[in-house]
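Shared between the two complexes below is chain A, which has chain B as its partner in the first and chain C in the second.
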Partner chain A sequence: MLRSGLARSGIAVVGVVGVAVLIFFITRLLPGDPARVAAGQYATDAQVEQLRRQYGLDQPVLVQFGRYMVDFFRLDLGTSIRTGQPVTDELLTRLPATVELGLLALLIAVVLGVGLGVLAAVHRHRVVDKIIQLLVVFASAAAVFWIALLAIYLFVNEWGVFTSPIGRLPRGYAPPDPVTGFYVVDALLAGDLETAGAALRTLLFPAMLLGLHASPSIVKIVRSSTIRALESDYARTSRSFGYPPGSILFHDGLRNALLPVITNIGLVAGFVLAGGNVLIEQLYAWPGIGQYAYDSLQENDLFALRGYVILIGVTYILLNIVLELAYRRADPRVAVAEGR
Partner chain B sequence: MKHRTQALIAMASASLLLVAAAGCGGDGAGKKAGAKEVIIAYATDVDTLDPHQLRSEAAYGVVGNIYGTLMQEEYSAPADGVLKYTGKSTLYLAQSATWNKDRTTLTFKLRPDAVFADGRPITSEDVVYSLRRALSDVGYASAIGTWLNISDPEKGIVAVDTSTVDVKVTHYSPLIEKFLAFQLFPMLDRSAAEKAAGSDDPWAAGFFGKDATESGPYVIDSQVKGQSLTLVKNKAFKASDTADAPDRVVVQNMPDPQQAFLALQNGAVDIVTGLTPDLAQAVERDPDLKLYELAYSDVAFLGMNNKDPVLKDARVRRAISHLIPYQTLRDEVMKGYSGAAYGAVPYPMSDALDPTGEKIAYPTDVNAAKKLLDEAGIKPGELSLTLSVQASDTVLRQSAIFIQSALAQAGIALKVNEMNDADFSTNLGKLQMFLDSWYSWGQDSIYQLFFLLKSGVFTNYTGFSDKKLDKLIEQAMATTDPGERRALSRQAQRIVVDQAPWAFLFTRNVLIGAKSTVSGITHSDDANLRYDRLRIAQ
Partner chain C sequence: MTPIDNALRGNVAGRMRPGDSFAYAAFGVLAVLIAMGVVVPLLYGDGDVAMKTQGLLPPSWEHPFGTDRYGRDIFLRSMAAVRIDVTLGFAVALSVLVFGSIVGALSATFGRTVDMVIMRITDVFLAFPAVVLALIITASLGKSAWFAAIAVAIAYTPPMVRLSRSKALEIRSADYVAAGRLSGASTVGLAFRHVLPNAVKYPFVQSTLVASWAILDFAALSFLGVGVQPPTPEWGSMIAEGVGDILLGSWWPSFFPGSMILLSAASFQIIGDWLDRRLR
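Let's turn to the complex of A and B:
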């Protein structure tokens, strides 16, 4: 177990370093001169050169790379050209907003995905299944920016179900004292139920949309895996023994369909935490790292972009580790097959 | 059994969340909503608090209201909710501003009650530091320094006593009082800056990027990075009466314009800046909202690279100018929220050749364009050009499509190249043709001509060069006689109209949407809202 843990940690470290190296060279291919963009419209060539020197962009690529790697190992992601502040601090300040949104969206995606997937599998080729398939197609194909605006118009302006998305809290609420950075949790810790409720309502709206948008792949995987499991020999045997359908569904169906579902949930987690959130955070004025990345990309803020992508890379690597642990827990044969 | 329990718990949790949300709907005012709070939505976040390094409009809005300046813009009495700039500057943190006889030294005496938010008096040393910093290379304002005629800030800006400062200029500049009212020249706390400065950061950019030494009507109360920044009234501020001003101003980041409009409609924000023409129309249709349409000389133009083998011929540039569907652009793209741009110095800029905002230098005329192309030896179908445009600028992107169709009428094939902002600004100066817009703070004709069309100036992105024009600009910069300056400016403008280095498309009006209960929108020279002038009807 210890050897396995060490091996996994080693692979993770190599992965993170590999991501950092790749990112350095990929971001160099982005169009636009970061120093020129940072200096702004009124800047003279001399001021642009000064900025280039200040950020070390005048150095040969290998020197820049060397400095970048040294800083990387010191967990220093550089200084944002756009804001003049340390990228690490800026990302960490915004990270809780993204994680809070991403985790709830993931929960919604999993609940919806597993629920609808099982329902479709149980009622396969019948009306319920057809309706779910239709919903899946709609959720996959609909443009998220259009759906988001339509949702705001209907659920906020017309029906008043949710509060207007102007950040993490509705108008008139002050953020709770930071403990975890998650507003709902922090407000609860402070015993401020009203703010906690307001934060939850504000959070739920974009999370539902993001969760809905992320759920189709889970629905499809759960449906097909469950159908396969329910048609397996052991499910047929259970039925011949007279076990109730619910028991067969959960023990023989879902449990045996779990491995591909876990894989898919891992991918969806990556999507909602780092990727799908960029557009949603823009549309819902959500102050997370997705919005930060978008702004940085617009202004070719090299260091901020690198910081963001490294963070995403690390997130994916961590998710992979979690997935492997989940595999072993869901199916002990995995550990046996690996000989550990 | 265990799995079933887990699934049930997950479903129950989700249901609880849904119930919690559905049961508490509506856009309640919130428990901490104040009677005199204004939320202003900008399309950008506050990028930095450094008054000399900021680029985002939201940051300019904040900095413009937390720092006081020696002088301020004077506004007329409110009319239909708008306070219009009179063209004059009045005293603000300065008690007096006096020129010597030959107008080479401007002496400022500070108000005795001028203090920073922490109560520390603003001294002449603070003024000297602040003005020198503005003119240093720490930010882009140094380019504007040329226009103040201060040859050496170290020698030209000096403290006389604790509350008096002399500003020495080589010769009188008609722009100096106007520019000193801009937030590029805010009063900063020298002692705080010097404490934070280091050898690698002599102007304490790191400190001013995240901290403020407020000297204006508002102070920073709190900030949620990427979301909002809240200002409250500066109790120590005495330079103007802020009794009726909003107690709290929230500068809100709303990147999506449609979302910002929906938030305005449902009362989550009170003011939305930088509306697109489509949304301005929607605001006008809503009886609970009010549209403020403010005319500015923000000129949209099609720049033609004057070093390009084809475009260096003025006849080709004039032909292209004749092909532009000006009225269509103003009606279909700008939805009528625009003025005509007669030359590079459009109405309502000072000394503009067109005093009404309706004249067009090269009216749309396909036959005239074909004739000019023929004279230049270009047959229909022979010319193929590339027009670059920033993908983020919806108005100019739409304009490019109309221009593409219009040029096709004379047999010119136009490829539209949409670029991201960074790529576009990096390549300005190298592009064959591009769509851009420009607004000069100060709305001064010579300033505008200098930056955009004088030979060799770094912002002359078309590479246009005309010796006569250069000389006229230099003469205008040297003279202290306003009449002569005006005459020189008009001569220079005529050269630009004749040479057509750009096609002058239209001027963009600034469009602000507000709840009908909000008034006091400042039609200021620098297009910035003065939050202390805003009023909320109860």
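Let's turn to the complex of A and C:
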């Protein structure tokens, strides 16, 4: 166990360094010119040259790479061209908003995914299953920004179910004292139920969309693994013993079917944190790292964008290590199979 | 599922199987979409006649999808966009398929160091959601449709390499490959003559899904402003142009391009799922 733990942290370190190297390659070695990009379309050559000197882009690539890696290990992701602030600080102040949204979205995705997946498996090859499968296809084939836009139009403008998406709280509410950075939790800690309710309502809308968008892969996995479990020999044995279907579904079906979901959560979480997030945060004016990435993109701030992408990659690798450990705890067969 | 189960459900060879009707519908939708994308712009132009008609007209007989704020016909623009978006889906899927399966097969056939290096490289790529990778690549190369297309293709190649490699590994241990090796075939020869043709089925199925994801991600990049630049008609950038209008009550400038994305991406996915069941 100790040895495998060391091996895993070794793999994690290699992965994290790999992420940093890959992003350097992409931003510096591809034929694009960051100084030219940053200076904008109408800059003169002198302005571009000045930017290049200011950010050390006139140095040899190897020197730049060395500096970049040293900074990376000191958790310094460089300076934003747009704001002049350290990218690391800017990302960290915005992280709680993204994590709050991401966690609720992940919860919604898992509940929705497991629920629909099991429902489809129980009614496999029948109408309910067909409908769920069609829903899955449409949920994964719809552009998330399009669905979000239509949802804002319907739920806010037409029906008035949710307030305008203008950030983490509706107009007229003051943000609670920061403790965790999660508005709902902070408001509860401060004993302000009204603000907590308003924050939760505001949070729920983008989280629902992000959750819906992330659920299809979970539905697919849960459906196929539940079907496999329900058609297994052990489930048939339970059936022949006369156990009720509900008991068979929970003990033979679900408990075995949920294992692959743990691995899949890593993918889905990466997706929720990053994939759909830039688009959703921008549409909902949600002040998280996704919106930061969007703003940096619009202002051609490659350094800030680079910091965002590195944060996503590193988070994803660390998350997968944690999930792998969770998987070992949940399924002892993994450790046995690896001979440890 | 045993053969008897299959027979009981009517899945006898030669008959329609469950899911076939969806797949045929998907083929039909895609064919109609492509045909209209070719024919409609030829007959009626691509709708880029600004100010010819009134802006923001709701859908009607004359303008089935309505007009946008510049008075351009959204139906004509959506059809003209088929040429970019669906072509892109096919092009990305094809290049990912060719490059990914060849590298994967070579990696598996060579084994050892080559394999290890290629796998570590793909590992790093897999730490990013494809759309984020495509975003940073496009942003570094510069905002253009070509760069966005290249970026999407790069982002989906590593998973394809992994898939092709894992299938190729199974085939590499087959007897006919061993026989080829014994009779003195070169490693590259083995990879192309025996491993690749037998392994390519799975990457092929995967590539139809890649087409669907590519359409979605390309539209997302254009929506974010780094892909296709206006006024070129493309679904993602058309949705972006309609953002201001939809919040003021005109839903059609964004709704119809988005439903085109939905139709084409869903078709590719249904076809992919169907091929997956059929070929397995």
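Keep in mind that, in the parts below, the second predicted complex is superposed on the first by the 317 of 340 C-alpha atoms of A that agree within 3 Å, B and C clash if a C-alpha of one lies under 4 Å from a C-alpha of the other, contacts with A are read in each partner's own complex, and residues count from 1 in each chain.
The rule we apply is simple: a contact is a pair of C-beta atoms (placed from the backbone, for glycine too) under 8 Å apart; a residue touches a chain by one contact, two chains touch by 3 or more.
Remember, it's a predicted structure, so these values are computed and weren't measured experimentally.
With the two complexes superposed on chain A, say which partner A:G15 touches: chain B (first), chain C (second), both, or neither.
second
For A:P34, select first, second, both or neither according to whether it touches chain B, chain C, the two together, or no partner.
In the superposed model, A:P34 contacts both chain B and chain C.
Of the partners chain B and chain C, which touch A:L149 in the superposed model: first, second, both, neither?
Both partners, chain B and chain C.
Report for A:V309: first if it touches chain B alone, second if chain C alone, otherwise both or neither.
Only chain C is touched by A:V309; chain B is not.
Applying the document's definition of touch, where does A:N157 land relative to chain B and chain C: first, second, both, or neither?
Touch partners of A:N157: chain B and chain C.
Counting only touches as set out at the top, which of chain B and chain C does A:Q298 meet: first, second, both, neither?
both
Could you say whether A:T83 touches chain B, chain C, both of them, or neither, answering first, second, both or neither?
The answer is first: A:T83 touches chain B but not chain C.
In the superposed model, which partner reaches more residues of chain A, chain B or chain C?
After superposition, B is the partner touching more of chain A.
Looking at the overlay, what does A:I23 touch: chain B (first), chain C (second), both, or neither?
second
Go through the superposed model and pick first if A:L116 touches only chain B, second if only chain C, both, or neither.
neither
Could you pull out which residues of chain A sit against chain B in one structure and against chain C in the other?
30-32, 34, 37, 149, 152-153, 157, 282-283, 294, 297-298, 300
Please name which positions on chain C make contact with chain A in the complex.
1, 9, 18, 22, 120, 123-125, 127-133, 135-137, 139-142, 212, 216, 219-220, 223-226, 236, 239, 242-243, 246-247, 249, 251, 254-255, 258, 261-262, 265-266, 268-270, 273
Give the list of chain A residues in touch with chain B in this complex.
Of all residues in chain A, those touching chain B are 30-34, 36-37, 39-47, 50, 82-85, 90, 93-94, 97, 104, 107-108, 110-111, 114-115, 149, 152-153, 156-157, 159-175, 194-195, 197-198, 200-201, 204-205, 246, 250-251, 254-255, 282-288, 291-292, 294-295, 297-300.
Write out the stretch or stretches of chain A touching chain C in their complex.
Residues in contact with chain C: 14-15, 18-19, 21-23, 26-27, 30-32, 34, 37, 125, 134, 137-138, 140-147, 149-150, 152-153, 157, 231, 270-271, 274-275, 278-279, 282-283, 293-294, 297-298, 300, 302, 305-306, 309, 312-314, 316-317.
Considering the complex alone, what residue numbers of chain B touch chain A?
Against chain A, chain B makes touches at 1, 3-4, 7, 10-11, 13-14, 17-18, 20-22, 24-34, 37, 39, 41, 44-45, 47-48, 50, 53, 55, 137, 140-144, 205-206, 209-210, 222, 224-228, 252-256, 258-259, 262-263, 265-269, 392, 419-426, 458-459.
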